[in-house]
Structure formats: structure tokens, C-alpha cells
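There are two complexes below, and they share subunit A, which is joined by subunit B in the first and by subunit C in the second.
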Partner chain A sequence: MNKKRKTAKSATSARKAKRPARGALSVATSARKSVKQRVAALVEAPLAVCENDENLQAVLNVLRNKNEPVEVRLAALQALQAASFSVVEFESCRGDYIATLRKVAEDPDPELRQRVLGLLAREKDGFAQKKLLEGLKNPEKALLPPEKALQLLSYDVHAEAYPVARAIVSKPPNAAAKREALRLLAADATAAPLFEKLLRDKDELREIRQISASALQSLKPEKLQAHAKELLLDTSEYDDIQATSLTALSQFGDDEAIGKDEALLKSVDRLSARASTKVKQSARRFLSKYGR
Partner chain B sequence: MNVELQINNSVNPGARFVSWAPSPCRIRVTNPSGVTSPTVNVQITGTSVAGGGAVVFRGNTTGPFSDSLTVPVPITGTSVPFFVAGKFGRPSVNNGDVTIEARTGTTLVGSVEVMVRIRKNANTLTPGERDRFVSAFARLNNQGAGRFADFRNMHTFVSSPQAHGAPGFLPWHRAYLLDLERELQAVDPSVSLPYWRFDQPAPKLFALDFFGVSDAMGTVRFSATNPLQFWKTDGVQGINRRPLNNWNPATQPGPNIITEEKTLELGTQYPSFRARMEVNPHATAHTRWGGSISSIPTAAKDPLFFLLHCNVDRLWAKWQRKFGRFDPAQAASYDRNPPRPIGHNLPDTMWPWNGVTGSPRPPTAPGGAMAASPCVSAPGPQPRVQDCLDYQGSVNAVSHMGFDYDDVEFA
Partner chain C sequence: MQDVATAGAQSESQFAALVAALAADPERREQLTELLREDHPFYDQRGTATTVRMRGWVLLALARAGVSDAALLFVLEELDTGVDAYLVAAAARALRSYPSPTAAFAPFVMRALTNIRYHDEPVSFENYGEYADSSTGASPVRELLATLAWLGPHARGVLPEVESLRAQPGGLSKKLLIEVDRAVEAIRGAEQVNELGAATCCALPGGLSNTFSWALSSRRGCEPIEQTVFEDHEGAAITFKEFFRGHPSIVVFFYTRCDNPLKCSLTVTKLARIQKLLEARGLADQIHTAAITYDPAFDLPERLRGYGQNRGVRLDARHRMLRAIDGVNALRGHFKLGVNFIESLVNRHRIEAYILDGEGRVAASFERIHWDEQQVVDRTIEVLKEKIDETASDLSPEPADPPARRETASLMFGTLASIGVAFFPKCPICWAAYLSVFGIAGLERIPYSPWLQPGLAAVMLINLASVWLRGRSTGRMRGFYLVGAGALAIIASKIGLGWENAAVWGVALTLAGSLLSALSAKNRRLAAPGS
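Entry: the complex of A and B
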């Protein structure tokens, strides 16, 4: 008897938790309320979203409706996202949710489009991947700028994205697109020579060289370790490239071999005397790791 | 005369870590030369380096702690038990920055260096603590080829029903964080998992030398000395994390994320507390961002995910302490009825540590058993839900999981 009473109390407690969310939902979906009120109510709404189909459809309608203020639609999207974290309850809502996201992916509002395509890309959604790739091949059809499309495609890299990324690296529409194309190519085993070339090119942007160092460490670690030593020995090299080299050696290098490499240790010693403060500190930590 | 001090009842130097919860210790005479009486009174104290941790002692499983303890120790070599704990508010900064000393009169007869290893607010770490943590994390990941890949693969769309949307949400993530923390400690034992207080600005966390600064596209940038510049998951380089709605996490608290105070008011019973806190602050903190952290299938690609969840766990710990909800046998400490999906009931073992695969569990179980600790035995290699409530061992000392938060006292 006592146990039954406790069980009932527990279930009631969970039901009570959803009461404020139900109230919030009616404010959130009411066109008579102000934008501010509706956005605030949508923060409270996720608990009620999957309680029944009526609630779900009400929030999805707000998200779909191009006549709704975009701030409210973005807040509806965040409410649905938050609800989706409660996966067991959200399971029955998922089909309609994904279908709605696909519809909104071509919405005129760029921020909404970007967020929705991001959500779909993280779900490895084939529809979104196809749209993103199409946009890269044919910019007139692009739903997002190329750098963003490349970033989203990197959630599930397919081989067919590599030729497009290579084309962007060789003829980039902007610096960010080149950067994101290189990040995507870091998963392509055949791209190691490209990264070696970029890493050693002092005329390249340092950010591109740092991305190349990281990519190379992953694709051909022995190559990066060899290049990193050479970059540290080069007194005309930039501080931050040397710092990246030092970090690569310190984190991923062969400690025994480095400890015996007198030329390298001398070079780091020189760096610890002449570089910027942060690089100096990094060089000193490196030296102390090898007993210097 | 010499004595041996065993911390966590172990001679293993790897066991010399304590938290706010009492650690069982032993002292015994190893060299009785110069002593004629059958027992000798030994005073045990802690000395700290400047800014370092501090410890307190007691002779029994209950009772007050004090800065020093005098115990009669037989010269036969028989061990005498005592307990040591970190002094609340005085966590260590470096490994071994506290020394437990044993003296007879003024003569030092034995000592061991220990660390009061505590989970701290990431925004308060010293540069040394920050650098050690970041370095250990980058090594554990080893560009996607290291042990971290298992942790990334534990938190995916397929596995999400094991860990979300039901009562096991909090215990599962507690075990998950602990497993990761123990692996980080295998790389560097001085490291503990810090937390991101998402209801406060965190300028030191969202900085180039720590968890990076997001550009307009959400690509996270790091300094050239930060090893996280080499972060790679699922074969892809870098971290995508874009604060939405013009939010700057370095200068502003997460928008619409309820405060710690409000979180602790979400209910006095676990079912209500868990159901509401899983949405806000938890899911709200995830979805204030664009990028991988904002979706369950990709959230664990971003190391910030673990600091976010560490704060979720800290909030649960605070709630547990506020309402006395550590005992699995107490109805209000968990959600018992109606029967929940497998993995969410108190006696259930949790995936993936139990190695069980196939419906209704996920098809694979990455990572194997829970990493062992040289300091404590809980929660065991295949933790059950009920093993993850009494994390300080305040109900049952053997349940102590070996971690504590800087602002949650021993219950």
C-alpha cells in the first residue's frame, strides 16, 4: 500500500514537471502574443513538445510558417532541438521533425536555412548532403556559402566531396572556403602531398600552414615529425609555425628519439631565447620535458 | 624508527590522491629501531606548499575531522587505520603539493606526497592546470586514433536511448565522465575533469589557449601552442562550435539557461528534477550553440561536451546534497516506477561497460569495461545505475567513486 502510494507520488511528480511547459506552449504558438513573449515561452516549451501530436504539430507549424517572425521560428527550432535530446520521448516525433527540417532547408531566411541544414548534416541526412554538394558544383543553386557547405559536409565525408574540395583549394572563392576545403581533405589519404607543399610554403597564410601541419600529422605522422624538426631548425621561419611544430613534436613525437636529437634541442634552446613570450614558454616546457 | 603511510590502503604511489570524501589509510611501523615500548604515539599532519591543497584527518569512519591526528602504532608492524580527506575549499593545484607527515615528537618518521584532486570550474584553472588538462585530452584523442575514439563512439544516435530521455540520464553520464576522467588520469594523474558553468561567463575557457575561440562560421581557433589545434574526430579536422544569437560565452552567461539556483529548485523528487533539468539547463546549454555540440549524434566530437556534462553532473551532486538524495534505497533519490527502458532501472547494468550488444542494447559496445582506479573500487568494471548515486560514499563508504567538486562538500 505504502509502496503504491510512493509510486503514484513519483508519477505525479513527473506529470507536474510538464505543467509549466504546456502553458508556455500555448503562449509560444499564439500570434496574438508579442515576439518577445513567444520567444521566452519557447524556452519553456520543450518538455511539452512530444506529449501529443497536437503539441508537436503546433511547434512544427511555427517553424514552417514563413509569415511568422523569424525570431519566433528560430526559437521554435531551438525548442525542437532541445526536445530532441530526450530521445526516448522524441522518437515518435522524429519523422515529422526531419521532414519539416527538409522543407525549411530551402527557406528564404539565410540564418534559418543554415541552422536547419546544420542539423540535417549532423544527422547525416542524404537530402541535405545532396543539396550542399549541388550548391558547391553549381553556385547558382547554393543554399549556403561554399565555406559553410564544406564545413557541414565534413560531418559525413563522402569521396565525391573530395574533387569539389580540391577544385576549391586550387581556385578558392575566398580564404574561408579554402580553409574549410582543406579541413575536409584532411580525411583524404591521397591529400598528404598537398599538405606537405602547403606546410613548407612560406608565402601561404599561416593558418593554412597550421591546418596543413595538423592534417599531415594525421595522414602521415612520420612526414610531419620530419618537417617539424626542419621547421624548428630554420631560423627564418615564423614563430607560430615553429610553435605548431614544437607542439606536434611534444604531443605526438617519439620522446626517446627527440631526447637524443642534439641539433633539435639546441634549436629549441635558441627559440626559447628569441621567440615571443608564449612560444618561449612552450620551448622551455619542451626542453624541461627532455631534461634540459 | 620509520613508519609507512598507505593512502587509500595502498602502497601504490598512484593511489595518493584524495578528495573531500574520506579515504581509508593505514600507518605501520617498518623499522622499530630505537623504540622500546610496545606502541609509539605518532602525530599525523599535513603540510602544504604555498597555494597548494590541504588535508584533514580522523581516526574513525565517523566523527569530526581535524588538522592533525595522534595514533598509537604498535611496533610489531601491525597497521592502524585512519582517514584522510581534502580540506574543503583547499584543493591542490599540482600533484604532490600536500605532504602527509608522521612524527614522533619533533622527529619525522615518515611522509608521503598526495594531491587533493578535485573537479574545478574550468574558468578558475591556473595556466599549469589548464595546460596539463588540454595536453592530456589531446593525447587521449591522438588525432582520432587514440582511446578517446571509444568515448566519441559511446555517444551517438544509436546509443542515445541508453543515456537520454529517461531516469538513467544522470547516472549514465556520471559513469561516462568518470570513465573518461580515469583515462585522462592514466595519461596525467594530476588532471581532473573541469566543468563549464554555463550560467556564467567563462573568459578563460573560451580563449585561444584553452577551448578556443569560435569565428563567425563556428570554426574554433586555437593558439599555436595549444595541442587542441590537432583535434580530429571521425576523420575530420577541427571543432565546429558557433554561439547563436550574438551570444559571447566569454562575456555572457548562456542565454535562457537557468541558473544554478533555479536548477536546484526544479523539484525535491528525482523524477521531476531529472525530467526538467535534462531539458533546461542541459539541452538548453547544448542548443545555445550551432555546430557539433548542438546535436546528440555529434555532441561528443567537441571536448566542450564533457565540460558541459561535468557541470550537469555537479548540479545533480549539489541537488543530491541539498535534499539528501544519495541513497538508492530511498524513493526520492531515483525514479523507480513504472519500469523504465533497460539501462534506466536501478539494478540494470549500463551499456557499454556491460559489454551487452543487440536489441534493445546498441549493436556494439565500444571501450570495454569502466577504467579501474588505483584509489577506489567503485563503481566497478560493469556499473549498475544504483552504483552511481552515492558517489562520495556517504551512505556506504565502498561506493565512493573517487571524485568531488570544488563547491560540493562531503555530505
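Entry: the complex of A and C
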């Protein structure tokens, strides 16, 4: 009895919550209202989006319509995305939603395009991946800047993006693209030699070298340990690279071997005296771990 | 004209043309099935999305040309484990081209519907590689509902599940609910079908099997991979020969980056269940298990360990997660693995579990469709039996398995102790007389040791307790009753009741009971698993 009452109560409160949402939806889809009003209304709309087919189609039409103000279209996308979090309730809307996203993926507005492709990429959508890869291979067809495309492709380890990422690393269109390509390759088991080379290259940007250290930890942890030790023994090495090396050794290293490595401990001891404050702190923590 | 055999590095459009040509030619139509094998050269160095497009196109060609018995397993596999909308939709459509619907298909279709319904999306079947941007055409849920309608009364076993699709809150769209109604109407149809109710969870239609066995004489030797070096979940190195020879093994393949929860994750979880079944039968020491990764370059020991532990896998010296240090190529050849790669990353694989005999040869395999853990264990026990039979008939120099040897030793020791107690001499003179009777003159100098009798009595009692424990574990107590009666007879002969002759009966009963107990335990180990 109680259970029935509770269920009825929660159904009633859900209906009550949806009432303003329905009202908001009629404002959101009305071309007579101001952009500000419509955007504000779409914030309230997610609960009602999937209530019936008419509501869904109304919001999808706003998203599809290139003549609508882009702010309203972005807000419609936001409302749909919020509604999609309720996987079960959204089931009846999913097909139309995905179809519309694919249609809007090539929209002239770059922000809308980027967000739509982002949503599709998170779904590991084959269409989005194909478009992103095409754009990386042929920049004239690119829907997004290369660094963004690489970031979205990295959501799916099976996205066939490694060859194109390697090509970008060897001939990067910009520094951000190279950085994202390397982040993507951090899951490529065959890329360890590339990361070893980059980690040891003093001419390389330090951010790239740090990404390389992190990738090596994932792909070949024993190689990172060996390089970290050598980097710490190298007195001409940069402080922040040595700090990264310290972290690698103290967090993932063989404590027994490190504790017996006098040359290494001496080198860290020197670092604790001469390096920048942050590195000094890391070095001291490292030394105290090994009883120095 | 290009052929399946000359796959090489053809473009996707060439592949699509080949598929169309094969589908149109009744003489070569069977080659379409060959194109569904994951290890086909066509899929080598293609990405996952490309592989999906290619396989989907083959399934659609089969939908036009008709699914043969040979292709049916591939179609059902996609319904059983598929999570890609395009492939599931194409498989559902292909199934409808099978010559006749059968009740065994219904659970596959229903399972696919359950797996895919929250990932439903529009798919395009018009042109190769096309993605739908309109929801008016095909979708996996729509195709599956159409297949249920095609099954008609044959799907009566899943009717309650189909009807429940209507009842759920949120649920399917209005357009799809019309399809549900159509399916329900078709299932309820007037046509009577003899096999109604025959549909069970994982049964395959008659004549179709996902299990393959090889007789002892026809098994391929494992010499080419005997020296293949693995690294296990602890980072320890071991060769194929070291781990797989000398006992049967159950081997499954997986990789930690597999994003289909119905494949690798479930396979490894099922391996954990197999291990528990083996433990329950006291066979965890006699049958090894291994989960070998397809992706050894990425699946380092720590990843293997975490993946196994998170799925309840027992990990020790007999049960390991392994990566082949020099790559999986040698293993691909030996096991004929259903897998392909782009660089070192898997692009597509089937579900596969193998049973290896004591020589490391493949004795049985379970492929594509989800296997039943009990079935795998039962089949492995048959292989274990065959190993013991072989050992017995060949008088192999290989030592008997340790538990059996221990049991024999304990039986002999316990029985000898009972004999010792029964015939222990009462005085030093009797002691000397015994030794003289046996003619061991040289031993006359051994002093009479009265403490020996309680010692022998204690061993006799230990024997009694061990027979009782064995009886409890096998559920067969007759041996214990005989040994107990024997012990009582021996005690009665020793406490001055004048029943000295009872000692002989006591020894005989002890001997018979101990033998019976040991034989019961051995028979249970081999026969109990319902085989």
C-alpha cells in the first residue's frame, strides 16, 4: 500500500516537474521570442524533450535549422545532451538524435560542429571518426583543427588514428597538434621507441618530454626507469625533467635497488642543494624516502 | 575477376565489388562465408571501423543471397555478442534469409535486442560504407523486431520478453512500438509449431555446433610453439612446454582494451567461474587454466593482474594470465585464432576457448557463441581421464599424479599399521619367536620395544580417521564402516576377551575397507562431473 502511494507520489512530482519544462519548450521553439528568452527556456527543457515525438522533433528542428541563431541551436544541443543522460527515458529519442547529430556535424558554424562531433566521438561513432580522419589526411576537408580532431579520435583506441598521428608528429602543422598526436600515441604499444627518443631530446619542448615520460610509464615502464636514472645523473639536464624523473623513480621504481644506488642518491643530493624550489622539495622527499 | 584468395591490400571499394560479385554468382556464393572469418587476409591491417563496414557488407550480401548452414554460425555470433549497431542490424536482416525459421533462433534475437536497444541508431544499407543521417530507415532494433515477426510462432518462447518491451517506462518510440505489436501478433499467430518451447538459452539449431573436438590421433603437435616464452601476471617467464605439458589445460584468449563487454570481459569472468567449478571438484591442481592476451605489447603484467583480479580470476602457479613476449604470431598459427590486427592492435576477434591435453595439443575448442562453463569443465575432465587411461595403458615412466600417489601410500601405511597392531607380540620371547619364524636371524638383536604397540595403534586410528574423511568427501562411507569394524575386531582381540582369532578378521576388514575407500575416491574424481 505504502509502496503504491510512494510510486504515485513520485509520478505526480515528476509530472509537476515536467509542466514548466513543457512551457519552456514552447518558448524555446518560438521564433517570436528573443534569443535570450529562448536560450533560458532551453535550459529548463531537457525533462520535456523526450516526452513525446512532437517535443523531440521541435528541438531537433531548432538544432538542424541553419537559419536559427547559433546561440539557440547550441542551447538546443545542450538540452538534448542533458536529456540523453537519462538513458532509459531517452531510448525512444536516440535514433533521431544520432541522425540529427550526423547531419549537423558538417554545419558551417565551427563551435556547433565541434560540439556535435565531440558528442558523436564519445559514442565512438563511425561516421564522426571517418570525417575526422579524412580531415587529418586532407586539411581542406577538415571539419575541426587537427589538435581537436586528434583529441576526439583519442576517445576510441580502435579509431585507426595511429598512422595519421605519427605523420603529424613527424610533420606537425602546429605545436598543439603535435602534443595531441603524442597523447593519442601514448596508447600505441609500438610507439615506445618514439617516446624514448623524445624524452632524451634536450632540444624538444619540455611539455613534449613530459608527455613522453608519462607515455613510457604506460607502455614500457622499465624503459622509463632506466631513462629517469640517466636523466638524474646528467648534470646538464633541465630541472623540471629531473623532477619528473624523480617522481617516476620514487613512485614506480624498485626501492631496494634505488636505495643501494650511491651514484644516483649523490646526484639527487646535489639536486636538493642547487635546483629550483619545487625540484629541491621533490629531491628532499626522494632522499628522505631512502633514509638520507 | 578478383577472388577471395587474392585478398592482399585491396581497397574497400574493390572489396565491396567482390562481395557483390560473389553474392550474384550462385556458384561462388559460399565464398561469402569465408569472408566472415576474422583471420581472413582481407582484414589484416584494417581498422576496426573498416572491418565493421566490410563484415556488415558481407552480411548484407548474405541477406540477399540467402544464409547457408555454414554462414549461420557467423550470423548467430553477431546476434549473440555484437554491440555494433550496423553489424547487429545486418545480422538480423541476414537471418531472415535462412531457408526456414526455427525456435532456436528466438533467444539469439531476443538477446541481441536486449544488448543493443539502448544503443539503437539509424543505419544505412543502401551503399557500401554509408552512414545514415535520417532515422526513417533501418536500425538494429527495427531489424530485430522484423526478425521476431519473421520467426512468428517459433518465437513463442520469448513472447513474454517481447511483450515486456511495451510495458517499460520510457521505452521504445511510437514507431518502434508499432513494430513490436506486429511482432507480437506474428508470434501469437495461429500456426502451430512442433518445436515450440524447445528454445533454450544457448542451444544451437540442429546440426550446428560451436564446439569442435579432435581425437587423440588427429591432434596437431605443439612442437612449433613449445619454446614460446610467456610472461605471466607476476612478470615471471615460462615457456609453453613448461606450463602446458603434463596436465590438461583450459585456455581462453582476450585483451584488456577490448571494448565489447560481451567478449573479453565476459570470457575472463567465465574463466573465473570455471576455476571455481574445478575447485569444487578438487581438480584445480590437476587442470591448469590460462588467459592469454591477443595484445601482448600493451597488456603488461600489471594490467593482466588487475584485469584478472577485477573479474575474480584465481591467480597462482597453475592458473595464470599470460602474454607471449615475442608476439602472438606463433600462437595464431597453433590455435588458428579467430583474430586480426591493425599493427599490434586487435581489430576484430571471436570468442574462443580451448582445451589442451597433457601434451599441450588442442583437444577441443569452443568458438563464437557463448560457451557454458559446465560444458567446458566436463569436456576437460574427459581429457583428464584420457590422460590417466593413457598413462595406465602405456606404463608411462611419467610419475603418477601426486594426490593419487599419496593416497596409495597412506592406504598401505594404514593397513600395515592395523596388521602390526593385530599381530604385535605380547612379550620379548614372542618377539624373538616371530623373528625366527620369519627366518630373519640377523634381526634377533633388535630389542623388544613395547612402545611400538601404542604407536601402531595410533597409526591405525589415523588410518580410520583418514578413511572417514575420504568417505565424507566422496559421500561413500562403506569403506569407513569396514575399516571401523576391522579396528573394533583388532581391539577386541587384544583386550583379553579370548577372541584372538578376531585379529585376522580385523586385518581383512581393514584391508578391504581401505581399498574400497581409495577406489571410491578415485572413481569420483574421474566420473562424478556428470560425464
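Criterion: the second predicted complex is superposed on the first by the 282 of 292 C-alpha atoms of A that agree within 3 Å, B and C clash if a C-alpha of one lies under 4 Å from a C-alpha of the other, contacts with A are read in each partner's own complex, and residues count from 1 in each chain.
The rule is short, and it goes like this: a residue touches a chain if its C-beta (ideal position, glycine included) is under 8 Å from a C-beta of that chain, and two chains touch if they have at least 3 such contacts.
The shown structure was predicted, so the numbers you read here are calculated from the model rather than taken from an experiment.
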Touching A:Leu199 in the superposition: subunit B (first), subunit C (second), both, neither?
neither
Who does A:Val157 touch here: subunit B (first), subunit C (second), both, or neither?
both
Looking at A:Leu271 after the superposition, I want to know if it touches subunit B, subunit C, both of them or none. Which is it: first, second, both, neither?
neither
Can A:Ala176 be said to touch subunit B (first), subunit C (second), both, or neither?
first
Once the shared chain is lined up, is A:Gln217 touching subunit B (first), subunit C (second), both, or neither of them?
first
What's your read, subunit B or subunit C touching more residues of subunit A?
B
Figure out whether A:Leu136 sits in contact with subunit B (first) or subunit C (second), or with both, or with neither.
neither
Which partner does A:Phe85 contact after superposing on A: first (subunit B), second (subunit C), both, neither?
first
Touch check for A:Val116: first (subunit B), second (subunit C), both, or neither?
neither
Set of subunit A residues, in rising order, touched by both subunit B and subunit C:
86-91, 124, 157, 187
Mind listing the subunit A positions that touch subunit C in their complex?
50, 53, 86-96, 98-100, 102-103, 124, 126-127, 129-130, 156-160, 162, 187-190, 219, 221
Which subunit A residues qualify as touching subunit B in the complex?
6-7, 9-11, 13-14, 16-18, 40, 43-44, 46-47, 74, 78, 81-91, 114-115, 118-119, 122-124, 147-148, 151, 154-155, 157, 176, 179-180, 183-184, 186-187, 210-211, 214-215, 217-218, 239-241, 243-244, 246-248, 250-252, 278-279, 281-282, 285
For the subunit C and subunit A complex, residues of the former touching the latter:
47-50, 52-53, 86, 117-122, 131-135, 139, 168-174, 176, 257, 259, 295, 297-298, 300, 302, 342-345, 347
Inside the complex, what are the residues of subunit B that reach subunit A?
131, 135, 138-139, 142-145, 157, 160-161, 164-166, 209, 217-219, 223-227, 229-230, 232, 234-238, 240, 244-245, 256, 266-267, 269, 271-272, 275-276, 278-280, 282-284, 286-287, 290-292, 294-298, 331, 335-338, 341
